[in-house]
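Labels A, B, C and D are assigned to the chains in the order they are written; within every chain, residues are numbered from 1.
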Amino acid sequence: MNLLEVNNLKVWDVNTGKEIIVNSSFHLKQNSCLAIVGESGSGKSVTCRAIMKLNKSYLRQSGEILFKGKNIHDLSEKEMRKKRGKNLCMILQNGMSAFDPSCVIGIHLRETLAEHFNWSKKEMSGRMKSAMESVMLKNPLEIMNKYPHQLSGGMLQRIMIALAIVLEPDIIIADEPTTALDAISQYEVIEQFKKLRERLGCSMIFISHDLAVVKNIADEVLVMKDGEIVERGKTAEVFSEPQHDYTKYLVSTRQVLSNHFNRIMEGEAVVVNS
Amino acid sequence: MASYILRRILIMIPLLIIISFVTFVLINLSPLDPAEVVLQSQGVPQITDQLIAETKEEFGMDKPFLVQYFHWFISCLQLDFGHSYVTGKPVWSLIGPAFLNTLKLTVVSSVAIIALSILLGVICAVREGKMIDKSIRGVSFFLTAMPSYWLASLMILYISVKLNLLPTSGMNSFKSYILPVAIITISYAGIYFRNVRTSMINNLNEDYVLYGRACGLSEKKITIHILRNSLQVAISIFGMAVPIILGSTVVIENVFAWPGLGSLSIQAILSRDFPIIQAYVLVLATAFVIFNTLSDIVNAVMNPKLRSNL
Amino acid sequence: MLLTVDGVEKSYKKGGMFSTKSQLVLKSISFECKDGECLGIIGESGSGKSTLGRLILGIEKPDQGKVLFDGKSVEDRNIRAGSISAVFQDYKSSINPFFTVEDAIMEPLTNSFKDDKENQFRVDTLLNQVGLTPAFKNKYPHELSGGEVQRVCIARAISIEPSCIVLDEAISSLDVSVQMQILTLLKKLKGIYNMSYIFITHDLQAAAYLCDRVIIFKEGQIEETVSIEQLKDVQSDYAKKLLQSLITF
Amino acid sequence: MKFLKSISQDKIAAISFIVIVLTMIIGTFAPLFSPHDPNGVNMGLRYAPPSLEFLLGNDHLGRCILSRIIFGIRPSILWVLGALVISVLIGAVLGFLAGYFRGKVDAIIMRICDIMLSFPGYVMTLAIIGILGIGLGNILIAFIIVKWAWFARVIRTSVMQYSELEYVKFAKSVGISNLTIIRKHLIPVTFADIAVISSSSIGSMILQISGFSFLGLGIQAPNAEWGMMLNEARGVMFTSPELMLAPGLAIILVVSAFNFLADSLQIILNPKLSRTIKPKKNSPFSKIKNQEKEVAG
């Protein structure tokens, strides 16, 4: 069964009348990871926020977004709020700005949990603590008493993952979660995402422009360009035999870099800068 | 933290010394011979060279400049700012009560300004671009373009004289506060509410609002977070506002005959009563520095990012 | 020896006016770059690599040590003029918004070569060389895409035929596919002009594509210097970890 | 030209701009526009209501109010503009020196600014008037002395921000001379900022100076100045309040025109702002109105 089905989604700007998402339809199966790739401005983020109904007020959307068979456009704002976090959990690109800079991290975590569960304070801390330990964060209690600017981007990203573990959502929507990180933290965060999937068995929508990361984590992939889905399919197939010219172009440019690098690492004699 | 506050307070000392020096130099830059000014303001009919020399000796004006400054500085520390040239009364006996009166007016006005600015700022930010936002901003634009003394005069004319609701002048009961405070509030709230509005709108576009919503937090909780962050900016602005208002109630005090520093200083300027002008500048500059330091410290305490950088 | 960086240190004041703390951004950095060599400087954000870039370009002065170009200090702008050039990261601010593409390329040209007519002709050639057409001459930067702006910046950088170009995260804010185009272009131009590149980046794969030798930078210090062929045999722990963490396609 | 074109697209800005330009023209050629001698006393016409000959009526000495308003433009607006230009120029030169060359020059200039700014502006102005003696000239001198430091501070911030931009870094690294960089890269972009700063200070300066005149510290009778006219009207406020109307409205009109223009300039001169609408963070102007508008005179 499809957990999430998006039919004829359209998003446009009220002020300019410009269409940002032209007409997109896709679905997300239970227990699978769908990646949306594309270059900046292709409408990846807007698509995700449309699913959460969190786009800016000047963006309007139409079409069907069926979550477990129910159109979320029919939900009231209050019902939608109950779904956010509990059923649909989002992970943002920049951890530094995703938490209120004048509160310690713990406050956000506790407020979120209090919104969805009737747990005691102690139970919340206990669950957060074990979730944070499972994403390799040491001293969770100490971290919860720190301000966002005192933590690194990679740690904040893992805190968001830990919160997702406690919330046990049906769908995790990750919007460029590794783009702002340096290479080593990026690797660690991706590892945690993989574990998260194994552990919760939840479905995931993973937005990225980095094909290597997508190849690493996603089962299926959508390629977007200028608000349109130009290609879709199993990740391995799309990347090994791209059909659309744009995908071909994306894949081939990426391959040049990788092939060169792989040859170096395999120790083959490379003709450097002839 | 403690060391920051201490450093911030210690740095006030050289600043205050420089301020006192500048104040002293300022008076001595006057194109007129101070002794002559003394005699003029005492209404001496014929100013002879001998009289000038005598006056100089009497006021210690014949000593070297730095010595004069040193004497003056030491007595200032003891709140002895000399005697008025005109009335001969000790300056502090005039400045002290007047400063207190001005301070009262300032504090009451500042509270009104802060309350009104936050109220209007929040309303406008939440309804950004809607009718109410536009109309509040439009009205505030005209109010800030209005000369406050003009508005004050009109209010005295209609509310105090024609309707006889409030006193026209003086500082007798709480009723005397209403008009001056209203005028000061009108001329300042227009500026400060815009600051609250802008900083709230900036915060509304921050990622943490999006993430809070994505986590299903209620709008009430999110608004509290936004307010908390925007008020930080607002507080530091208000910290600067208090001393500015303190120094600029002159015109309003004059219109309402408020027995404060403003009225006193205008009198002193018109009669060239230098010791009073000198004390006036020194007292307000000191208050200015103290308030600025306080607002910096409050700001540092409120903002965790600043705090950890100290 | 073209460029010599000798025992350079740099620190910045941290915090506000009343803070006495200062942070050491670069700690005794020494290396050399030969004529026609392409040297990569790899480091994470905040590792001090961009500060190093500014010191090499003479925009800032080191607290200690020297940056020498052909044996002379780069702090003298006459040494820099005509022989050293740069391309920066933020394509949004890399061309004066009041300048057309032609104005932008002419700026260093008129500084080095006085003949106006010949310079006009050079602009056309340069635009062709970076894969644009002379029709771009009258455009303003906000009318161009990120990749196009970076091409113009490269044209501007090579216009004076410098012997060394500093590329400070020159491809980082571009989309991945556009990055590749720029890398290819840089490789091609190197064949034509035989300049040396100092390629500052956080992207090891891109550096490996372009460079002969890379310096791995961490917290203001050089962790390891290694030629590309030996990249797989790096010694330091940090470099090993960095290689391990790479997610390849 | 581009500037005029973009201003004509913004209705409020266009109207404000026209109001300001007209005021300045009328003020400059006051004798041509004013129907009567502004100082001509005519006791027979005291408190006369508006008539065809005296469009705004006559004051307590029977003088033509319209002519007095027109002649009042000179001290109330034009001279204030002059003082503003001088203090902005001083501020700009020092701000450029400090912001571009940094180092010791910067430290010295900024320390002096700090000291200047640690006096409340209004108090300092009053003190200088007290020492130099009353009169409009002295008020303007006091204003220049008090304001330059603040302009220097703001312009320095602006110059520093622009000096960090990549195209300035590029120009430096290819060895272009500092003077050329300042002339070709920095002055054009900072000019927009300076225009915005100046236009947003002028409104409050007009108000403050009229306030001083109102207190009797400014121009001396019988010369016409708007604040001075209001001061005279105050004396007879209870019997003929209508005398307060014309000068008061004149001030409101011109000050709002300047304020509206300042607001629009901020958007017009900043292409980034006009495209995204979202205000620029940490702009050097965010503090402007708090510090600058020290009083509504």
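Of note:
One rule holds for everything that comes next: a contact is a pair of C-beta atoms (placed from the backbone, for glycine too) under 8 Å apart; a residue touches a chain by one contact, two chains touch by 3 or more.
Source: prediction; values computed, not measured.
Seen from the C-alpha centroid of chain D, the farthest chain centroid is that of A.
Chain pair with the most C-beta contact pairs: B-D. For the pair chain C and chain D, the distance between mean C-alpha positions equals 45 Å.
If each chain is reduced to the centroid of its CA atoms, chain B and chain C end up 51 Å from each other. For chain C, no residue reaches two or more other chains under the stated contact definition. The set of chain B residues that touch two or more partner chains is empty. Shown for chain D are the residues that touch two or more other chains, of which there are none.
Interface of chain C with chain D (complex): residues 54, 57-59, 77-82, 84-86, 88-90, 93-99, 104, 107-108, 111, 142, 153, 156-157, 160, 162, 166.
Chain contact summary for the complex, chain B toward chain D: residues 15, 18-19, 22-23, 26-27, 29-31, 141-142, 144-150, 153-154, 156-157, 161, 187-188, 191-192, 194-195, 198, 201-202, 205, 237, 240-241, 243-244, 246-251, 254, 265-266, 268-270, 272, 274, 277, 280-281, 284-285, 288-289, 292. Looking at the complex, you find that chain B touches chain A at residues 206-208, 210-218, 221, 225, 228-229, 232, 302-305, 308.
Listing the residues of chain D that touch chain C in their complex gives 165-167, 169-177, 184-185, 188-189, 271. Chain A contributes residues 39-40, 182-184, 186-188, 190, 209-213, 215-216, 239, 249-250, 253-258, 260-262, 264-267, 269-270, 272-274 to its touches with chain C in the complex.
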